[in-house]
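Shared chain: chain A. Partners: chain B in the first complex, chain C in the second.
Right after this comes the complex of A and B.
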């Protein structure tokens, strides 16, 4: 599985089609990948495991989410006012 | 792009727009034929000297002018639905670009690999070079590789805007807090113009969109230069 992730990350072009979000509104796609990355970091980090698999979510949310949204959420996380559950 | 005294659509720059153009020709031809027939019948009815006060009904013609319109509607609906589903096909994009609407300019973000972002302001009329188009040119164009499927995510930072490029058959509302997805493929290299299509304040008419479709190597060189300049 780790090799698949490494190959997937190496061959990354752009965020692929996600069947969970097949329609026009991709807001949730962006938000959920942002959440999944930070949750992945938190849970794998707590277990002391390799954090490389989490990079997939980071690549996807970096591709999809507007830069201003990412900055706003990063600031909110630092302040402790981020609305999502990580 | 649009030209003076234009009646029809702009030349198609994407496969979807070609389909839409042909469908429009098909539907318009049907409309013209029906209108001509009806106009002829009206003129014929009004200008005849013959009268007949004793025809009460006729089953045959009633059947004809019920079934024939139904058949015509089906002939319009089938190509229409075909294009609708064609536009909704799952595609595998090569590149994702975000177009963010502001008052009163667009900003484009290319963040698949590096963090490239830039603003695209209209060139004021007094600063245009000879041959450039009034109210349509921008200082930085959205450059894309030609013949590659591109995913565009449209949003806004302040009020409603709408990102439209008629020659590609694209229009997508830019809603603050929402990320709207559309996709396109440019069939040929060139410049494709569009304008903001949702009223957004004083300079709504002055925030155009320009897509520059170039071969992939040129796109790579351009993005390298833009990253260095940023």
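Right after this comes the complex of A and C.
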């Protein structure tokens, strides 16, 4: 699986179609990938494993989220006021 | 001396529609003045005029019907249609607030944490006071039906007892809700959760108070022998309204208190 992830990350151009979010409003797509990246960091980091697979989520949310949202959520996480569950 | 050759009620000229309209104007403009210029004069005048209008208009209807006999069967039929249409309009009123609740709760935004209840909101336990409130209103639906049957069967004492019990249950509900409002860990300002909760349950509570008042007027009239076993539409209208209030609560309980927790 790790080599698949590495290949996928190498061939990454932009966020692929995600059937979980088929409609025009992609807010949830952005938000969930942001959440999933940080949850991945947290759980793999706790087990001391390689954090490379988590980068997929980061690529996706960096591609599709508005930069202001990412900044706002990063600030909230630092302050401890981020409403999502990580 | 000419008498009417039909069974309908051609109402005598009355000032109450005008005073009611003036009250509506005073209440609306008064609220705006209150918000912007901190003066309560207009809105208080509107409230007083509204209460006087309601008291005198409905007193006149009782005079025309109970004391003067103008409410023939066709007239009563029209009043029945009217009450049903009014209650239907109120159903649509509440539908709007349920729409707002479901709009926000079925697809919670990232600002809320993508979840419902939103992050940080401590909801009320649906199996504590809200469940008691449900039981209280359901019981009041039973007692109001008991009152209706008592009136139809000419049982004066039982009618008074069951109607009094219905009103007391209504007051108990209002008291319990007031306590819940005071003790709740969230306020109306707590995001869309607070807004949908307090606007929907708040308007419901207002309707409980209105319904209790309507029933109380019926109790006063029953004590004063206004109702007959065959003709008591004022009471029926109050009972319909009361059942409507009960049904709205059931939807509120299942949607907001139970599913929404």
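In the analysis below, the second predicted complex is superposed on the first by the 86 of 86 C-alpha atoms of A that agree within 3 Å, B and C clash if a C-alpha of one lies under 4 Å from a C-alpha of the other, contacts with A are read in each partner's own complex, and residues count from 1 in each chain.
Keep in mind that, in the parts below, a residue touches a chain if its C-beta (ideal position, glycine included) is under 8 Å from a C-beta of that chain, and two chains touch if they have at least 3 such contacts.
Please read these numbers as outputs of a predicted model, since none were measured by experiment.
Superposition of the two complexes onto chain A shows chain B and chain C fitting side by side, with no clash. Taking chain B and chain C in turn and counting the residues of chain A each one touches, the greater count comes from B. Contacts of A:35 after superposition on the shared chain: chain C is touched, whereas chain B is not. Angle at the C-alpha centre of chain A formed with the centres of chain B and chain C, after superposition on chain A: 70°, rounded to the nearest 10. In the superposed model, A:10 makes contact with neither chain B nor chain C.
In the superposed model, A:83 lies in contact with chain C only, and not with chain B.
When the two complexes are overlaid on their common chain A, residue A:27 makes contact with chain B and with chain C alike. In the overlay built on the shared chain, the residue A:47 is in contact with neither chain B nor chain C. Of all C-alpha pairs linking chain B and chain C after the chain A fit, the shortest spans 8 Å.
Put simply, chain A uses residues 27 to touch chain B in one complex and chain C in the other. By the touch rule above, chain B contacts chain A in their complex via residues 90-96, 98, 100, 109, 111-112, 115, 117, 151, 153, 155, 157, 177-182.
Residue ranges on chain C touching chain A, taken from their complex, read 109-115, 118-120.
Those residues of chain A whose C-beta lies close enough to touch chain B in the complex are 12-17, 22, 24-27, 29-30, 62-68. On the side of chain A, the complex with chain C involves touching residues 27-28, 31-32, 35, 69, 73, 83-85.
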